[in-house]
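Going in written order, the chains are labelled A, B, C and D, and every chain counts its residues from 1.
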Amino acid sequence: MLDSYGTEAQERVGFFTDTSVCIGCKACEVACKEWNLVPEDGLVWTGESYDNTSELGANTWRHVAFVEQNEPLHGDREVDALRWLMSSDVCKHCTHAACLDVCPTGSLFRTEFGTVVVQEDICNGCGYCVPACPFGVIDKRHLPRRDAPALPLITKQEDGRVWKCTLCYDRLKGGHEPACAKACPTESIQFGPLDDLRERADERLAKLQAEDWNGARLYGRDPDDGVGGFGAFFLLLDEPEVYGLPPDPVVTTRDLPGMYRSAAIAAGAVVLGVVAAFVGGSR
Amino acid sequence: MSIGDALDRWPVFRQLREGDPLGLGRAARSERSRVLKPRNDEADHVVQSVCPYCAVGCGQLVYVKGGEVTHIEGDPASPISRGRLCPKGQASKSYVQSPLREYKVKYRRPHATAWEELELDEAMEMIAQRVVDTRAANWQAETEKGDPANRTLAIGNLGGATLDNEENYLIKKLCFALGIVQVENQARI
Amino acid sequence: MSSYYGRPVLKEPVWQPEIPAYFFTGGLAGASSVLSLAARIGGNETLARRSLYLGALADLVSPALLISDLGRPERFLNMLRVFKVTSPMSVGSWILFVSGSATSTAALLEWAGRLKPVKYAAELVSSAVGAPLSVYTGTLVADTAIPVWHEARHELPFLFGASAAASAGAAAAIAVPVAEAAPARRLALGGALVENVIMLAMEKRLGFVGEPYREGEAGKYAKAAKACTLGGAALLATLGRKSRLAAAAGGGLVLAGEAALRWSVFKAGFQSARDPKYTVKPQRDRHR
Amino acid sequence: MGSNMAENHPVGFQWVMEARERGARIFHVDPRFTRTSAMCTDWIRIRAGSDIAFLGGVVNYILGHERWFDEYVKHYTNAPVIIDEEFQDTEDLDGFFSGWDPEKGKYDVSTWQYAGMEAHGAAGQREEGFEPTKGEGSGHGGHSGGLEHGEPPEEDPTLQHPRCVFQLLKKHFARYTPELVAETCGCSVEQFVDYCEAICEASGRERTGAFCYAVGWTQHTVGVQYIRTATIIQQLLGNIGRPGGGILALRGHASIQGSTDIPTLYNILPGYLPMPHTETYGDFESYMEANTSPTGFWGNFKSYWVSLMKAYFGEHATPRNDWLFKHLPRIDDDNSAYWTALQMLDGTVKGYIIAGENPAVGNTNSRLHRLALAKLDWLVVRDVVEIESASFWYDSPEIESGELVTGDIATEVFFLPAAAHTEKDGSFTNTQRLLQFHWQATEPKGDCRSDLWFYFHLGRLIKQKLADSEEERDTLIKALRWDYPTHSAIQEPDAESVLQEVSGREVETGVFLDGYTSLKDDGSTLCGCWIYSGCFKDGINQTARKKPLWEQDYVAAEWAWAWPDNRRLLYNRASADPDGKPWSERKKYVWWDAEKGEWTGLDTPDFEKDKEPGYVPPDDAEAQDAIAGDHPFIMQADGRAWLFVPHGLEDGPLPTHYEPQESPFENSLYSQRANPRRQQFERPENPYAAPGSEVYPYVATTYRLTEHHTAGGMTRTVPYLSELQPAMFCEVSPELAKETGLEHGGWATIYSARTAIEARVLVTDRIPPLEVQGRRVHQIGLPYHWGTRGLTTGDAANDLDHIALDPNVHIQESKAFSVGIVPGRRPRGPALPRFVEELRKRAG
């Protein structure tokens, strides 16, 4: 995948987010915003447990989900059986990334680290990546733009570009780990070469299963899944949809050959249809 | 830049030349992305500091460029925090640069309905005079029972738990010498 | 089914009304180019010329709509920065670029009456990319994670193609005197019929996932589209054969119907993204 | 217990998580299921304000099941000591100890003493002027009671004597059975027993256990005794002075430890030296006599004191003038912050300086504090943002309700912008007693200045003004050493030069002191804080040491500097057995190296280096020389940890379960409901609800959230934090919501006898109702971060709670009080006080 980079290519890196140790402190959210200068995203109290961030978006690249459940964390104890699931969500940096595939400008690209990054100097805000992402990660920023407008006549006041986690591309280039992973007090967010992370995750899952944790599973670890495995994968304690994640995401472009075939036939049909309209006289 | 150069830099050409026919990787990379560097690496200097919020005392690295803090993150060398920070500690730069931060002295006269401006030196002079006058007018050499008191009960000082030891030292030392005994801080609260 | 406080898994598209408008104009442009060349070959010069002009006009409006929708319109040229087969929008941009250049060149030369060989060449190019132009937007929306679009990936190009053909026919039926507009009327009629058949088939095949096409704003516009296209086509097929006025009314109805159809499909995508059940349930079913 | 560590000390919590991953059982005992509970292996819900019953039950369990660590208890604690025969327990007197004087509302502690003598208290507990006992001239620690060579006169090593501490302890806690605990606290018997078993297992040579607490324990009218109960458990289990043991106070502010070590507190001077008292001490001699313990390290009191006076007053403090003693200011029994606020209301406090605090939001009954501020002649507020304590005169809730009118408020207010931590040099003392220096990164902008700058220049100006004064009252200020060098354009005082004075020097040579053992009582040394002595040893700023963790062992002794003497673990002599050998290989920390004849280990031994384990003090030994080689608690006069506290506490030698000031319940154990010695201030601005009032039927508790800091001045002003918790809310159970008609996401009005506030409603199973004394009780959770200013605003939870204080440390009871709740927003304007008044009338 990184062949084009030649000697520039690095080992593929990513995140393993182990939600079984997430304390829901949201340091990752703040660390991300501080480093990437992501704007504040509105002061809205939701009443959805302690989550007032709600979802990933243009101005939220890390989001901690809070789920309160009347179930025991492990085993089948019944007294005071409460658990509070917390999970820091992030862009998955898919092996087969729909946002990257569909981006018409090359703003989204696969970096030398195997991550998927939006280039803010290229993005023209066409918005195609937004519905393409099977996780609803990437979004367009509608806040006032910060840079000076270039062409006054057709320039918009809002930022208008799409934004998402860059896995701290600039930090990686400088040899630093991403801001969120660095801040995480309990190493719920682990950063490293993806192969190492997968190994670590397998061990972790085995340990939790041995300890009788309820619902422990890996999500996005499998390279054979619909997006070819996540660059940022998770250990969850319940079904993915409980955390607002799709249970079986598939990169839309997997079906692109078939779609092109249908389109080609449809185009032919249009030609035939037009020709057919002349059957019985061209006037 | 010649047309040839321009073509050379055109990603569509690079897609073919750089082994990235789908244009998903290197060919699509912009010049900005190619030379991108973390701003930490461009700091004029880095200062080892300590988080100002709770008492865990996490280590912070403060990056400075052009006299402004450009970033604050955890100090990995700290055996206390191992480079990690909580959301508050991680927001330290935004705290230091809060949009609500005040940079000028504000003064409210008795019964006034609005703040007015005041020079810092003048404010200091006025405060010093208030302390001197209030203390003189409310000095208690001894208690009603005749025990020695050497104090004024008309002035109080509150604060300290987020201040430095050196600051607290001066507060207590000064107040003690002035006979101001009502010196208190958050430890009580 | 569980969800996270009922919040969507997917993001709704950020496209504004310019985009469905472009689906309409792009389709019109593409199909008109094909219609124009067919008419040229068939010897119906009036139909050929006017369809060419219509196509050129739609081809001019299309990029304006697209640029207007961009978050950073001043960067519209970045669309030609790369050529990505993985992106229907990239491919489409190049198609639109070629189509727009060719059609406007042909139209300009047609109007000026000069450089005939160049004009013919341009017309050939224009009609060659016309058909893809008229269908690719269906693939474009299908190539997303939005269930109601993605699951309809095989129908949408046909639906959009039929709609484009109907639009081109209807537009030409208005622009061309009734005597010379028979192929246009047939095209409009055929397109409208085919399109409605495809729509029915699509909804049937999609079942649960296709619900948004029938519900909410999308459902309303779908109904309107059905009524307008079929009514307009019927009018064209009957009174429209005699009366220019009736032809104009029928053509207008079809055009309105096609616009409503694009809007309906567009809104269905938003509705589908908004409700997590459309995302989660099919995946959950598949996963088990 | 009493802390929500994952939320309020998230980075410190990483170590707890590591312990969990290594198989430790982590219990969270708390009224609410918090982010901490979610991470722990076990959560036990209890009623706010019932912790002593719970912990007392543990003590009873340990004693009843013979689970104590016998060797540790016999050698290292005062378990064998026999107590005065006149001592009577709360079991005997139905909730009182012997010595209660109902008229004064205080205890005469003479019957609590060791039989045959009076022991001497430990640090910082001697300011309270209790009545002279046994004919002593001073009540502050009898030196002449006769601690012969540091050993109590009467002991029973078999622990069988009916008046030995061990047996008293047994008797005192005998009724704290699992059933009583369950009935009082609202937990289940099974959970409690499981907890007891787990905690008993974390004991012995191979294992240890630790308690973490925070203001959930301190903010009660019996707060000190909460912690005392834990110390009893840890002593019985042998968990003090050992790695992995202890009782860890999780302090909430960057230097709250430092601000008690170098106190901005009324009752002590640096290093916990007591402030002179108006009534208790006549002259210097009696002050010295009263405070110098004949045995233990407090035997060197005079050195600490004289060195401080030399640091303060230099050449003006001489032996001839008793180091200026007769000029020193004196305190009364209580000159604490709450008392000061009440004095403001009464008009006797005229001027107030607030530096980095926000009483208008952060103090309990904050409404009272705002009313008090409005009575001042002048007020100085120093902060980085304009906090509610600076703006009360135009935007407080009382302005809205009409109780205050801006134009009528005569207070002159100075707001001075402060410098942030990145804009100044200085040291914080963290919760582990670690002094950590932080360096200035940028210059403060505009008028922003450090507090060092403010107080230095204020002092300089005042000294200038009074330089020619002949008044006797100005003797001290004229004598004050106030000559710190300054630097930069704004003339910032040099923080390190202040720290050098704190650390101490020889007066003549200026040579830096190595530590407190170098201090002299003859005026030849100066030291601003004896426990910090040596922090600038060798002229090197030890607090600024930043040797990375990967270059040293886990103790990390070369990162910053811990007081005293860079000791990371206090009383670590206890990590070895009486013979000086580590209790076990696994738990080795500090031990006696017989070959070298010295204590050694991973840490600086908290014991005289060459005092062998078998050392027996000669009869004439004084100070530390009087402590035996197998008694690790060297600050105590007898070198032992105190299960029973003969001296130094106001409200009893043993912890006793009392109900909070405001509680819906009677005391399950005694007819005495609440701590009889608590401080109450009943007045119109601070009314209390009658116990069990039906108008205020619910237990409220206040707390912090991870995303905010205390009164919010440092977080409600930060966009990235404000968006994470953007509104004041209350937490209620689904059952309470149903009962009172509250709607999730809607508004609620919460009212107490003081006032009413509004909050968004968060209905959650995380704050379940409890069965207490056969009755169902609901609890309401209230974060207290909001006020009228900032990026997010809201009502202040502290408007609701009252001022009733712990008698030992004058800390308020904000963790348990009574409220009522109704759906909807609170009344606005004058309707608010009317609403509150009507409820009060209904409550009677």
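To be clear about the criterion, a contact is a pair of C-beta atoms (placed from the backbone, for glycine too) under 8 Å apart; a residue touches a chain by one contact, two chains touch by 3 or more.
The model shown is predicted, which means the values in this text are computed figures rather than measured ones.
For the pairs B-C and A-C, the count of C-beta pairs in contact is higher at A-C. Averaged C-alpha coordinates give centres for chain B and chain C that are 58 Å from one another. Computed centre separation for the pair chain A/chain B is 34 angstrom, with centres defined by C-alpha atoms.
Averaged C-alpha coordinates put the centre of chain A at 46 Å from the centre of chain D. The set of chain C residues that touch two or more partner chains comprises 81-82, 84, 86.
Multi-chain contact residues of chain A (touching two or more other chains): 25-27, 29-30, 34, 101, 106-107, 122, 185. Across the assembly, chain B contributes residues 11, 23-24, 27-28, 72, 84-87, 89, 91, 94 that each touch 2 or more other chains.
Working note: touching chain pairs come out as A-B, A-C, A-D, B-C, B-D.
Listing the residues of chain A that touch chain C in their complex gives 46, 48, 54-55, 57, 65, 67, 98, 101-107, 122-128, 130-141, 149-151, 154-156, 158-162, 239, 241-249, 252-253, 255-256, 258-260, 262-271, 273-278, 280-283.
Put simply, chain D touches chain A in their complex at residues 6-7, 10-11, 13-14, 17, 21, 33, 35-39, 43-45, 188, 190-191, 705-707, 719-727, 729, 744-745, 760-762, 764-766, 768, 791-792. Every residue of chain A that touches chain D in the complex is listed here, in rising order: 21, 23-27, 29-30, 33-34, 40-45, 47, 49-50, 52-53, 68, 70, 73, 79-80, 82-84, 86, 185-187.
Residues of chain B that touch chain A in their complex: 11, 18-20, 23-30, 32-33, 36-41, 71-74, 83-87, 89-91, 93-94. Of all residues in chain B, only 45, 47-60, 62, 64, 67-69, 72, 75-82, 84-89, 91-92, 94-96, 98-111, 113-115, 118, 120, 123-132, 134-136, 138-139, 141, 143, 145, 147-151, 153-174, 176-189 touch chain D in the complex they form.
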